[in-house]
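A, B, C and D are the chain letters, set down in written order, and residue numbers restart from 1 in every chain.
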Amino acid sequence: MILRRDNIKRLVELVTSTGGVFVAPVVDTRQVVYRAIGSGEEIELNYILPRNSFKEFLFPQTEVIARFSMNKGGVDLENMDITPPDTVIFGARPCDTASLPSMRAVFTWDYIDEFYTRREERITVISIGCTQGDDDCFCTTVGLSPESRKGADIYLLETEQGDFVVESVTDRGRDFIQRYEEVFEQRGDVKTKALFMPERIDGIDVERIKGWLSKKENYQSPLWAELARKCIGCGACTFTCPTCHCFDIMDEAGLLEGERRKNWDSCQFDFFTLHASGHNPRDTQFKRWRNRFMCKFNFYPNKFSSRGCVGCGRCIRVCPVRLDITEVMEGISKEQ
Amino acid sequence: MERELRDTARRLLEDKTVGVVVGYSWNRKKTRTTPVFVTKPEDAERLIFNPLCVNNLSVYLTRKYPDVRALGRIGIVAKGCDIRNIVVLMAEGQIQREDIYIIGMTCSGVVYRQELWEGELKPEIMPTKCHNCDVRNPHLADTVIGERVSFTPPETPQGVVFDRIREIEGMSPSERWEFWMGHFSRCIKCYACRQVCSLCYCERCITDKNMPQWIETSAHPRGNLAWNLIRAMHLFGRCTFCGECERACPVNIPLNILNQKLAMVAKEAFDYSSGYDPEVHPPLRVFDPEDREDFIK
Amino acid sequence: MSENWEPRIMAFVCNWCTYAGADLAGTSRMEYKPNVRIIRFPCTGRIDPLFIIKAFENGADGVLVSGCHPGDCHYTTGNYHARRRWIGFKNLMEFVGIDTGRLHFSWVSASEAGKWVDLINRITEEVKKLGPFLEYRRLK
Amino acid sequence: MPRVGVFICQCGNNIASTVDTKKVAEEVAGLPGVVFTCDYKFMCSSPGQEMLKNAIKEHRLDSVVISACSPHMHEKTFRKASESAGLNPYRCEIANIREQCSWVHHDRTKKTGTIKSIDLTRMTIERVKRSRSLTKIKIPITKRALVIGGGIAGIQSALDMADGGVEVIVVEREPSIGGNMARLSETFPTMDCSQCILTPKMVEAELHENIRLYTYSEVERIDGYIGNFTVEIRKKARYVDEELCTGCGECIEKCPFKSGSEFELALRNRKVIYTPFPQAVPNIPVIDARNCPKIQKNKCGACAIVCGPKAIDFSQKDRIVTEKVGAIVVATGYELMPNERFGEYGYGRIKDVINGLQFERLASSSGPTGGEIRRPSDGKVPKSVVFIQCVGSRDEKRGVPYCSKICCMYTAKHTMLYKHKVHDGQAYVFYMDIRSGGKRYEEFVRRAIEHEGSMYLRGRVSRVYERNGKVIVQGADTLSGSQVEIEADMVVLATAIVARSGADTLAKKLGIGYDRYNFYNEYHPKLRPVETTTAGIYLAGTCIGPMDIPDSVSQGSAAASKVLSLFAGDELAREPQTARVNTMTCNACWDCLTACPYSAIEREEVKDRRGETIRWLARVNEGVCQGCGVCVAVCRSKSIDLNGYTDEEIYAAINAF
């Protein structure tokens, strides 16, 4: 099958006219971002990787999970019933789509988080194999590549003409193609563009990292402070990371009524682990950074048999002090 | 210049003048610079200095980094603009002059963002602060490294930020509102602006205070507006326009415009510019009975 | 905006001058618009920009901050500090597009009941003309 | 859950005519935490207060709101009533629905008034829910007072306090107390001799069992706050042992060296070991070290030889004495503007141009001329004297813009003294206006003009110069519109009264305010004229501004009575509306410390077990804090809060808007 570039507009129309949400890369303030769009005109297909991951369409940065009102008798609680619309994520990158199994794992682990799962059940993810990349891409180092179909329902490959070869990966993908068959054409004789393959970083061995991290004594290794001392503790890496999923529950209330919100939180914030007593087990920044690294390369793989890092490189790009996670991976790989 | 820097750093570490030198080094691919903490004399070779050295390293001097302080007296590689922040930190009692050793770097400008670097420093890739810089030769340092730079900033400040300020001032209130709400609505409350700022040294930021929670932490437009207004207000009369907040912002909110607007107000209303004299009080903790009050009816 | 719409105005005033001035307007049985709700502070020096933002968040269509004239501060210099803060805050609010008609600063002494009455009437009119502060209330 | 009681007052018809109080009560009854509401005719009446008390007990209320008149009217009443019913008084708040609602909204349908009253009551309810129980701050008091300055105001203050049973320390920088008044010959308008009325008071002060004098001493440093000041006093080396000296005067007699007398304003010399004037208190000499050959060059030493009790001690050094006091009266007095700057009057250039205080010395029987008016240049009795008023006063350009207040009176007195002593002499006075407000003052001036033959000329003097041993005064007589030239033998300038040199330095040590002329600021110029904004520090006399003797004395007594009432209790109870610091989050940026109008914030060092400084914190001195809240607003991290107006209370009130 082929999706002609000109037909994408039509696809947007078809999806949105039936109440669906169409998410695609667009340009906003000198950046390419995933955003829900109204028309295919907005789509930008010349991009490496959007600034945000598309996790916000499954796990919004802030969402109301309950409303409450207070009266003499006490508190009335109203749970939010979410019925998300059908959502298409178009133009996702293979690294981003690979995060979906990891996210699902954490949101369905000991408790089914319906705010996540209900949305996830309604999404169709259409990824495009990368034909461009930059220095900070490192998917190949963590066992992924632009050819990865992991997490995608439909996988596209760009042709020399700028159209897309369509491959359905899942049943949901197949159903989607059937439902919108008018925009898809039978495949002719086309040549696809070469994919951008990030160079695998030689010095990094993910399995070895896991091994090192699993050793109890290494938790106190002086290496942590050395590698992560420059971290300034902002949440930019966690908020742009496709697999970071921590959230906080906050009440915002007026005099007699209010809402309970679920907001993104970041393990990099010093208040993340602050106890009411004033004690903070992660009292310095490198300890917080250690936690994030441990989470991605040790806790996650141990618990969910899926990795917490997909090699998208966003955390490297947005880091104000350029703390490069691959340099840390390299440093640890060198350790015995 | 780098040679001199490395030699100086090595000497300072060898004779134990400092316990650590905070400076810049290359990333692995030598495409970007990144902060480095040099504690061993032999590691002084890692230090570099070039127009990619955008970070304001004074952030590591604050109370938020006890582990950096634990390394001993801090030697800091600082451009004139970074030294302005050090001066504010001194004025606000956050550091004592004798606790730090300032390795002042003469500077001909840096890039606005490292991604823009193509091997040559051109005016169009420099931030507004560099075009108006009056501290290219460090104004407070224990040692100054580099050739003296002769540069006279223009009489009236020039550059994109000032153009934008004028443009926004020319807008109607509702246009200004639309402009800022458009930007603030993108805020993701990652607080990179706060964390990268050496003057945002509060151990507990006002936004982290609950009981009462003055600023809603949700990244919705109302919470974002409150946060951005108070952030700007808390830097009023203190911000040195180092530009780190805007550089760090992952969603490109033009914070420089906001900060510089308030810096202009401080200059015009109190004839005060921050970061030049540690003996002068920041304007909001003092007053002048003759302060203007044409707006008070 | 309906004809009957009445603006809601929050006033932050100091105890010693403006609050007493407003009291005097009462004792003198003057009359003014009922749209204002006063919160009393010891001094304008106590008033934080956070309060003004919170007032707008809670649906104020206009905010007034008022205290002692320069030199009259009960605490000698509190109002001078407040004035400096306002210079920055007012400029900031204007710069982000909050209409100047919604944020007012004033000195009203304990004897200026007439000034207080005129002030409230004028601000009420001005805010009424601007209409409800929907732009702020719509933020969610 | 809080238990709030709400009481809506009808105030007869004052509130009820435009507010439906019943409706207000019903409406707020629906709010969470409100367990009791009512409306009543007069809440402030005895039955009203009883109702409040009963409700507090019966419904176990933990806080109450009274919607009634302004808190400025009855907040105290209701808080007291609440307290007597066992409720913490600071958990009672007032919603002002009279002055700021029913009286200013005349809508007889009661619609607007009721709506607004509901709002105001609701906001107050939310606020009171977050209010905290507070207790009055008790500060122990050291019942000793310090008086700075031993002039007439200081002496009076010290005597009054001492008579009231308070120990008083008087610090005087000159070798004797007495101040400027000791220099005066006679005093207006009664013309009694200054020494005659002052000396007994000086002696009384010296002998009073409750007064300790530190003469030839200065205040070096002051720490602490009301009730608890620590004062360091520098006792300058006198070179005479105060314990041993008997005041016989033998040393003065034998001293072969002389120098200009400060007390006599250079009109006469004194010995190098000296008492400033014969009636000096204490009657203990001092050695003028700078001019003493023994001290400078180890030559002479005659005084030590003749001194019977061996009181002379050339090795004496300045000594710092520390005293603890609970209150301070500042009475540092005035000096005359150095009039060298008025070149056209020839002062400093022409010997026979002197100032008012110098004339006092000439007229004084203990003065350099034994009370005869003789001019300084050649000792001749001047036959015509020109007095020039407003030299420097009311002269914004070269002097000071204020009026020195006493010159009109003392110039009139001078003309009389002159006339009484030189019967054939003629006094001329150049004046701008005559200001003689005061009991029997106007009569006094009229006497000078009408009965004593002084010639008053309204106008300014343009030039004073010497010609043939005469002092020629050229000026304008604006009333006749003519230029006048007077051949005088002597000219007396009524130069402006200015603050003591160093007044600003002392003010900084004390932490009190001063104006641009270095006169000290009263807390309130009319209603609290002898208090400063720094609690526990009071003012008296001409350090506040020009004034005459009766005013200075009154102020001395007034300040004393303030101190005595402060000392009436063993502890000082202060309103607990003070700031407090959150020690967990304070950044020690010192914004609060710099901004505080009362210097109530201090630096506190936190040390670990090894004694090393871990951090610094701001600390509020509750004894000094006045509760303005400036510190709270400047604190970016909100690490400081104000009792009674906490952020939580304000947040709640705004939220209930």
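Basically, contacts are C-beta pairs under 8 Å (C-beta built on N, C-alpha and C of every residue); 3 or more make two chains touch, one makes a residue touch a chain.
Note that the coordinates shown come from a computational prediction; the quantities given were computed from them, not determined experimentally.
Should one ask which of B-D and B-C has more C-beta pairs in contact, the pair is B-C. In this assembly, A is the chain whose CA centroid lies farthest from the centroid of chain D. A straight line joining the Cα centres of chain B and chain D is 47 Å long. Distance between chain C and chain D, defined via averaged C-alpha coordinates, is recorded as 36 Å. As a whole-number value, the distance joining the C-alpha centres of chain A and chain B reads 31 Å. Touching of two or more other chains is recorded for residues 584, 595, 634, 651, 655 of chain D. Each of residues 204, 206, 214, 220, 284 in chain B touches at least two other chains.
The multi-chain contact residues of chain A, meaning those touching 2 or more other chains, are 254.
All chain pairs that touch, listed by label, are A-B, A-D, B-C, B-D, C-D. Against chain C, in their complex, chain D makes its touches with residues 70-72, 96, 98-101, 103-107, 112-113, 115-116, 119-120, 123, 513, 533, 577, 595, 597-598, 626-630, 632-634, 642, 644-645, 650-651, 653-655, 657.
For chain B in complex with chain D, the residues that touch the partner chain are 63, 92-94, 201-206, 209, 211-212, 214, 234, 281-282, 284-286. Residues of chain B that touch chain C in their complex: 168-169, 171, 173-181, 206, 214-215, 220-222, 225-226, 229-230, 232-233, 236-237, 258, 261-262, 265-266, 269-270, 283-284, 287-289, 291-293, 295-297.
Those residues of chain C that touch chain D in the complex are listed here as 8, 10, 19-20, 22-27, 29-32, 34, 37-43, 45-48, 51, 54-55, 58-60, 74-78, 81-82, 85, 117. Only residues 28-31, 51, 61-62, 135, 225, 229-230, 232-236, 238-240, 248, 250, 252, 261, 263-264, 266, 269-271, 284-286, 318, 320-324, 326-327, 330 of chain A touch chain B when the two sit together in their complex.
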